[in-house]
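In the two assemblies presented below, chain A is common to both, partnered first by chain B and then by chain C.
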Partner chain A sequence: MFKVASLLMTPAAKYLMLAFAILFPLVAANEYQVYVMATAFVWAIAVYGLNIITGFCGQLNLAHGGFFAIGAYTLGLLTADYGWSFWPAFLGALVMTAVLGFLVGIVSLRLKEHYFAIFTLCVGFIIYLLIDKWEELTHGAIGVRDIAAPYGFGLVDFTDTTPFYYLVLAFLVLAIWFMGRLSKSLLGRTFIAIRNGDELAQSLGINLMRNKVLAFVLSTTYAGLAGALYAGMVRFIGPEEANINHTFDMITYLLVGGIGTIMGPLLGTVGIVWITQSLQFLEEYRMIIFGPLLVLLVIFFPRGITGSFLTWMHRKSQALAPTKKRQEKKVNTAQNREAESNA
Partner chain B sequence: MSLFLQQIVNGLTLGSIYGLVALGLTLVYGILHIPNFAHGALYMVGAFMSYFFMVDLGAHYWIAMAGSAAVVAVLAILCERLVFHPLRHSPPIHDKIAAIGILLFLEAVVQMFWGSDFRRMSSPFTGIMNFDGLIIPEQRLLIIAGAFVLVVALQLFLRKTMTGATIIAMAQSWDGAFLVGIDANRVAMMTFAISGMLAAFAATLYAPINLVYPAMGHLVIMKAFVIIILGGMGSVPGAIAGGMIIGFAEALGGFYISTSYKDIIAFGLLVLILSVRPQGLFAKGAH
Partner chain C sequence: MLKVEHVTKMFGGLAAVNDVSVEFETGKINAIIGPNGAGKSTFFNLISGLHQPSSGRILLDGVDVTNLPSDKVARLGVGRTFQTTNLFEQATVLDNLIVGHRLRTKSGLWDVLINSKRLQREEKAARDKAMEALEFVGLAHVAGQFIADITQEERKRVAFALALATDPKIVLLDEPAAGVNPEETVGFAALMRKMVDEKGLTVCLIEHKMDMIMSLADKIMVLDHGEKIAEGTAEEVRNNPVVIEAYLGGDEDAAA
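Coming up: the complex of A and B.
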């Protein structure tokens, strides 16, 4: 069991997952499944953003869904109302969410813990209300139609589901790669230090405000990226994209997958999206299951699938270590300790 | 002038409701340091319970209110026992996420039984009082009077009874409370029960001049959070003062500035105040 499980820790497992993702449209039963998978990937990108600020930096950001909507609306309005083509508007969406993230960050991150969570909850709601009421700009409840699809430079047609799926996959791989690099870098460790203790981090000479704002801007840019892709895929958006429930959904994905881990957001999002899909009749009442699930998870498995798995691997390898060669043990525990500290 | 007075009455009404909801929230925060995101769901369940007792069982308004308060109190105790108590040693982020879980669950359950339609709840107090041109519906007077009575009763309970004193003692210092032999579990359950009852009372008072629907708690709870941040988390007078500030800001802002943006006023005010004073209006220390 342990040996099989430890295979999952090898780099080969990553490439296997990637290969499966690339082959997925070929083995999928119909186009709809590809579409669902692409949606799951879009959400996963946003959840990676939430993972940076909440998982690594320890600040519960409840405005994340709002920034997703800002990304979607920036792209939608620029292409539908102002005649931009997709890719410039796409960049515009990233810049917009980064700038707004910076502005919200420098105000909200002066607050700690509960105050930050409540403040961002309010920010999320302001975003929703503005989108819903500012009809001159956002069309209000009618929503935005005629959003441009990504321009394929004459090579591919992104209005088809499968090419779009690969586009999303490419961005997802990029997002995960960046996340992996971040978690190993000094910056990522700085974020973790802030999560583990504000005051201790500060006494180590970490500039709290600058690092927290950086984490926040990174996370909102991820959300904006996901939102822009979403708008390009669905090509019709409304104020409901900013609904606070989307933020709650993303927290569920993050928590189920494993908060503060590298693969957690992907596993949690894809897993839950497919479970919800296969239980279509639950759509409206899914929270009857997910609400208590969220509570049970934080009580019994606060580290989610990935975190619990890593902890279990760590314990197992500790138990087996004496029978193995010394060198191997060293490498193993060093790796696992890193994994655990990330978890 | 009478238009202005009319807005004052509206502000008082809104402020009373917000104050009651914020009181429950601030009590729980003062004792357990949990920002109970599920409090809005308790408020919503309170409204639906009153609706159920009145419309489906044909109970009188007052009986429905008492029944709803009892049900929500039990529900709040269950939340404390089953969710927050096991999490008392967890990092603060877990409490918040668990509270969100409760919120989502309660909303989904209510939606399953009653659907997401907007419902109207009547009250026996439909008359209108005319004070020399100033027109006040009876229900609004009832809200203001009800909130006043509840706040006074709560103050008397906290200050004059032994049980109330244990709640204050816990809010002041956990260690000190343990040293004199206060049972933390009992106090926690009681605080949740009181906070749930206040939410149910507020919902039942407000429902007749508003609508009853599963998402009705969202705005109210967020405003209640704004209020307790303004008033200082855990502070009882702060919750009442903050409730009145938000109530008046909304009534006057909705009338003189813009009706469609009146819900933003509370949040805009919060953003503005916290940008200048990150520790809130009345709080002394930094957070």
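Coming up: the complex of A and C.
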């Protein structure tokens, strides 16, 4: 069992998952399944953003869905109303969410813990209200239609589901790759130190505001990226994209998958999206199954699927190699090396 | 080394620290003692920049650090531990310590994106520094274990190592031996002595364990109600009638 488990976490497992994702459109029963998977990937990208500010940096940001909507609306309005083509508007969406993230960040991050959460909850709701009521700019409840699809430079047609799926997959891989690199870097460790405690981080010479704002801007840019992809995929968006429920959905994905882990956001999002899909026939009653499932998960896997799994793996490896044995082993190898160099 | 001049800290109308002046010399162990609520931790927070004094000056090697934020103070060489240290429980001891050297590195977002040479060099330096600190506090053998799996005493040593990884000139230790047994207390005293002797550090500690303080500290400052009521060697403090009245009299017996 242990061997099987350890195989799951090797780089090979990640390539296997990637291979599965690449082959998925070929094995999928129909185009709808590919579409659902692409949607799940889009949300997963946004959840990776939430993972940076909340999972790594420890600041519960409840405006995340709002920034997702800002990304979607920036792309939607620029292409539909202002005649921009997709890719410049896509870049515009990233810049917009980064800049707004910076501005919201420098104000909201002056607050700590639940005050920050409450403040960002309000920011998220204000974003929803602005989109819903500022009709001259956003068309209000009518929404934005005729959003441009990404053009494939004459090579691919992204209005088809499968090419778009691969586009989203490419961005998802990029998002995970950066997350992995960030988590192992000194910068990621800096974020984690802030999560452990403001005062301790400061006493380690860490500038709280600068690092928190950086984490916040990274997270809103992730949300903007996901939002822009979403707008390019569905081509029609409305104020509901900024609904606060999306933020809580993303928090659920993050908690189930494993907060503060690399693969957690992906596993949590894809898992829940598919469970929700397969329970669709129950309509509103699906919560009767979904609710207890969540409760069980939180009870037995408090660190999410990935987090609990990694902890279990670590314990296992510690049990297999007790401290003393490890030390002897070290000494032995050191002696061997010496012997080798002598020979 | 560290010079505190007439420092006062008001919280509303309450003077938590009142007109305290003291000098901590390089390479000495300085203890701050006093009853609960005497302002000891506040005094540490003032030095390390977590709080700004209401009045007075704090000089570190002649540099005015009075109103500097604590991250800048840390960069100038003031390391500290807290009464409780929150660490990343589900990460290894070594992983928790690597960030300790962050303040001596410069890599930013761009370095992470391109995985620059500088980042690689600095990460190796931080890792080496963490391992060195871990060896210094005698915990090299738990480097690979999760924080959640080590003992209370080992956690305290990890907190020491974290402060040491910042390359400090002076370390402020807030009740380093609280909650550990007498045997382990002796170990911590030895560790503090080693920090002074081998690293040439200046140590400043708050402690309630009198027998440890009396045998360990080169200099003791006694705070009571935010005011400095005595200062001197263990012998001088022990025989000071003001101190005996304010603090030591009953407590020393209790501690012994």
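One rule holds in what follows: the second predicted complex is superposed on the first by the 301 of 343 C-alpha atoms of A that agree within 3 Å, B and C clash if a C-alpha of one lies under 4 Å from a C-alpha of the other, contacts with A are read in each partner's own complex, and residues count from 1 in each chain.
The criterion applied here is as follows: a contact is a pair of C-beta atoms (placed from the backbone, for glycine too) under 8 Å apart; a residue touches a chain by one contact, two chains touch by 3 or more.
Since we're looking at a predicted model, the values are computed, not measured.
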item	value
Chain B versus chain C as contact partner of A:Ala170, first or second or both or neither	neither
Partner chain in contact with A:Leu23 - chain B first, chain C second, else both or neither	neither
First (chain B), second (chain C), both or neither touched by A:Leu187	second
A:Ala13 touches, of chain B and chain C: first, second, both or neither?	neither
Which superposed partner A:Gly197 touches (first chain B, second chain C, both, neither)	second
Which superposed partner A:Gln318 touches (first chain B, second chain C, both, neither)	second
Residues of chain A that lie at the interface with chain B and also at the interface with chain C	none
Interface residues, chain A side, partner chain B - complex	54, 58, 60, 107, 110-115, 117-119, 121-123, 125-126, 129-130, 133, 244-245, 248, 251, 255, 284-288, 290-295, 298-299, 302
Sites on chain A touched by chain C in the complex	178, 181-182, 185-190, 192-193, 195-197, 199-200, 202-208, 214, 218, 303, 307, 310-311, 314-315, 318, 323, 326-327
Residue ranges of chain C in contact with chain A within the complex	48-50, 69-72, 74-75, 79-80, 82, 85-88, 90-91, 95, 98-100, 102-103, 105, 107-109, 111-113, 115, 119, 122-123, 126, 141-142, 144-146, 149, 162-163, 166
Chain B to chain A touching residues, read off their complex	29, 33, 35, 37, 82-83, 86-87, 90, 92-94, 96-98, 100-109, 111-112, 218-219, 222, 225-226, 229, 233, 260-261, 263-264, 267-268, 270-271, 274-275, 278, 287
